[in-house]
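Heads up, the next two complexes both have chain A, just with different partners, chain B and then chain C.
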Partner chain A sequence: MAGRALIVAIAVAAFFIAPHALAEFHLFQICLVAGTALVVLGLIVVTGFAGQISLAQAAFVALGGYGSAILAARWGIPLWAGVPIVSIGAFVVGFVLGQMTLRVSGHYLALVTLAVTAIVQIALIYSDNVTGGAAGMPVPAFEIFGLTLSTGAQLYYVIVPATAMLFLAVHHLNHSHYGRALAAIRQSETAAELMGLNVLRYKAAAFGASGFLGAFGGGLLAPLSTYLDPAQFGITQSVYFLAVAVVGGMMSPLGALVGSIVFVLLPDFLQAFQTYLGLVFALLLLGFIVLRPEGLAGLRLPKGIVAALPRLGGERR
Partner chain B sequence: MLAQVLVSSITAGAVYALIALGFVLIYKGTGVVHFGYGDQVTFGAYLVLIAQALIGLPFWPAVVVALVASVLLGALIYGGLMWPLRNASLLAQIIASLAMGTVLREFVRAYMGPSAWPFPFLLSPAPISVFGILVVPANLAIVGVSLGVLALLFLLFERTFHGKAIMAACDNRIGASLIGVQVSMVFLAIWILSSVLATVAGVLVAPLLTLSPDMGLIGIKGFTAAVLGGFNSLPGAVIGGIVLGVLEALAGTYVSSALKDMISYGILIAVVLVRPQGLLGVLAMKKV
Partner chain C sequence: MTERLLHVDSVTVRFGGLVALDNVSVDIARGTIHAVIGPNGAGKSTLLNVVTGLYRPSEGDVTFEEESLSGRAPHLITRQGIARTFQNTELFGEMTALDNVVVALDSRYACNGISAALHDGRWRASEAEARGEARELLALVGLSEDQDSAAAALPFGKQRRLEIARALATQPKLLLLDEPAAGLRAAEIEALNRVLLDLRTSRGLTILVIDHVMALVMAISDRISVLNFGRKIAEGVPEEVRASPEVIEAYLGKKAAHAFSA
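Entry: the complex of A and B
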């Protein structure tokens, strides 16, 4: 228990010290890592935990970003309320999509989710009176308690705690009977069904959760980038999120964080090779899936950290 | 008007059919769904440009060099990717093929630039009038090649001993190897064949579409065609491609261009949900 309290204390202290110790640009990057990690966390729930491949993550991110921006611009619903509302909507969309599509699996599922992403992107481009069409639309400022948060340093106080909370929630769920049910389904659907699990319901719920997290991440990333462009929400982007998940590690929430750190910070280290950035990302994905499919989070950690990690999520039931 | 739309749409359909044939060939032959195939088609066309720019060859020798290079690419894909992953999960195989397509696309983007390249037509792009309907010889070539490839693959799979060996190797790897089929050689041959087919398709299609790194997105239309026809049926791939081309053209002409862009994805989803075996496919039952 002492170890756990210590880690929480360190995390909280780091959270409040960071804005004073780091430059504005680094805080922006932390926000970017957090938002991306949230999106990828959704992918880890559905693809890593439940074993169902999804290429629809970019569509959910678009739903979160565009949905909350449109709610704010058209109906004056502030983003702090709009993002959760749209995320719940995305959960429902994901759940229904899951109910419909999860009867098929494997490559058919990949194809259907791919098509969903493509359709959402085309819909964004063609509904120009609402979304601004191919030109995109500006994101209204994030206003809360009378404050207007617009820079990375200001949004930091919203994005990081929200991400941390959702990570903890997923960690808890993964160690509850939901998580064990998903693990059972991943290993053998037939066996899970024989044990009396409603396999379809669980898989659809995992799909819904991926929609919720993807939309939440998208809703948080939108005010950070201040502008929404439909070109950001295509199939390429879905593959990008998949790459982050694979490189980070599919089997634990930690993978989403590790992968996001790698993919957000790498462009800074490779500034001289900007042209080759896409190639580097693609080669990373290819290299990891062939040589190290368990990802970076699957690496062996020093013993002390490993011992402390599971306890972070509370007692195991 | 309607007749003209139909004739023009058959060209687009033949493009989809050609790509769908590649998907079906790989799926029938190795059991893998190759998500990077569209990018491989694009890469094939770029190989010609690279051979022209790098070695300074004229067009036709450059095409030959590109075909030889794609043989090597096919061998590389099997030896470097699909063979090491032969016992990996379906998820890993799907991600690997996606990753391979992304690598090809990003390589082209980095090496040849993100903008579009002009690509010469093999036959005259000038339309000729047949009974008042405009027909383009270059487009007819695509239709002809699609049907030719279909005929060749159909004969190979259905009428030759090698084709039977390929089917056996895919159906039951252990069983096939016990009766003397060299399974790895069969798979290698399929990957090389499909890779050459991708380059042929790329060379034919590039002048028609715009040759840019993102041309590979056409692969999804090929997927839709293959799914529509039934993923394991070669004639189905061609019929699926033509049907898709015609539906797209009709939607674009009579409804809206938004629907034209969306309809293939809609068909993809609808077919998978309602009739996953497609028009001509045989449903593989999952045995418990």
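Entry: the complex of A and C
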């Protein structure tokens, strides 16, 4: 317990020191990592924990970004309220989409979710009176307590705590009967069903959670990028999120964070290879699938270091 | 006449042209151990899959405590009080033995989602209660030492017993065992027999066991039904079934049946 309190104290201290120690650009990157990690966390819940492949994540991100921006532009609902509202809406959409798992699984489920992404992108292009069509729309400023947050350094105070809280909630849920049920369903759906678990409802809830987290991440990333256009939310983007999850590690929330750090920061170190960035990501993805299917978060630290670390909350499973 | 717990009423199951069960009726009285035996492919596992809701009967009906189970989802049938084990064990391999049992307890103990997300006091209490009961169930089948081992790492005999503990966690009135003795050594079968007889006396459990290991079936069953090619060919107390010419024929062939009756 003392070890855990120490870690929380260090994290809170680091959170308040960082804005004074880091440049604006780095704070922007931290926000980008946090938002991306939230989106990928949704994918880890549905694909990693529940074992249901989803390529609909870009659609949920679009829903969160566009949804909250439209609520703000048309009805004057501020983003701090709009983002959670739209995320709850995305949970419902995900839950309904999850009902599909009753009929399809595996490759077919991948295709259905892929189609969802394609449909949402086309809908964004053709509803140009609301979304601005292919040209896109600007994102209203993030206003809270009479303050206007527009730069990375300002949005940092919203994005990072929100991400941290949602990560903690997912970690807790994963170490409760929800996580146990999803693990059971992943390992033997028949046995899970015959233990009295409502398998369809759990799978649908996992899809709902992926929708909620995807939309929340999308809603937080939108004011950071200040402009939305349909090209940001295509099938390629869904595959990109899946790649982040695979490289980071599918089986723990930590994987979403590690993967996002790699994929957000890597382009800066590879300035010279800018043209071949897609190739680098593809090789990275392939390498991890073949050599390290557990991802970066699944790598084992040397035993000595692990023993020296204080136990990080809860019983291990 | 004792009270009827499960009533399989003229059930037929067809897979395309194949008739897996042909107009089979079986009654299981409360508090008894009832065995269904028969050669491979006789339809024994199909019968269990019909009772647990994994298969829908093409014709006929299954009633449990005089309520029809037809069209009901498997997880609801489980909650109604029917639990089962699997022929080739269907444990959650990556999870510990304890968590395998806790999963089955969750539908009774689980707290609400907000408590689970916060890991608050209510969550801690429900978790502690579920773990406590899971430890008791593991002790009942003699697996207290193994609670933290991954289920897949346990030897086969222990996996079998873990499946029984997990099934008991759903608080069944009727326990279905699919070939619990297959692949077990003689000493392990005796241990299993004792566990099953004890469950019936201490918990008032009704047990339907499917097997062709005679050492188990003959020693513990109150009543035996015999299936062959999807049809019920005999039923009675163990001595009657053992003497039945149809049963000897099904197991050993026609000539043997003549030799026995001669």
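Convention: the second predicted complex is superposed on the first by the 299 of 317 C-alpha atoms of A that agree within 3 Å, B and C clash if a C-alpha of one lies under 4 Å from a C-alpha of the other, contacts with A are read in each partner's own complex, and residues count from 1 in each chain.
We adopt the following convention: a contact is a pair of C-beta atoms (placed from the backbone, for glycine too) under 8 Å apart; a residue touches a chain by one contact, two chains touch by 3 or more.
Worth saying up front: this structure is predicted, and the values here are computed from it rather than measured.
Bringing the complexes onto one copy of chain A puts chain B beside chain C with no clash.
With both structures placed on the common chain, the touch criterion links A:139 to neither chain B nor chain C.
Contacts of A:110 after superposition: chain B is touched, whereas chain C is not reached. When the two structures are aligned on the shared chain, A:243 is found in touch with chain B, with no touch to chain C. In the superposition on chain A, A:71 contacts neither chain B nor chain C.
The angle formed at chain A by the C-alpha centres of chain B and chain C is 80 degrees to the nearest 10.
In the superposed model, A:45 lies in contact with neither chain B nor chain C. By the touch criterion defined above, A:191 reaches chain C but does not reach chain B.
In the superposition on chain A, contact of A:256 is made with neither chain B nor chain C.
Chain A is touched at more residues by one of its partners, and among chain B and chain C that partner is B. Here the smallest spacing between CA atoms of chain B and those of chain C, following superposition, is 8 Å.
Across the two superposed structures, the residue set of chain A contacted by chain B and also by chain C is 190.
Contact residues of chain B toward chain A in the complex are 33, 35, 80-81, 84-85, 88, 90-92, 94-96, 98-100, 102-103, 105-107, 109-110, 217, 220, 223-224, 227, 258, 261-262, 265-266, 268-269, 272-273, 276, 288. Within the complex formed with chain C, the residues of chain A that make contact are 169, 172-173, 175-178, 180-181, 183-184, 187-188, 190-199, 314, 317. Those residues of chain A that touch chain B in the shared complex are 47, 51, 53, 100-101, 103-104, 106-108, 110-112, 114-116, 118-119, 122-123, 126, 190, 235-236, 239, 242-243, 246, 275-276, 278-279, 281-283, 285-286, 289-290, 293.
Every residue of chain C that touches chain A in the complex is listed here, in rising order: 52, 54, 73-75, 78-79, 83-84, 86, 90-96, 99, 102-104, 106-107, 109-111, 113, 116-119, 123, 127, 130, 166, 169-170.
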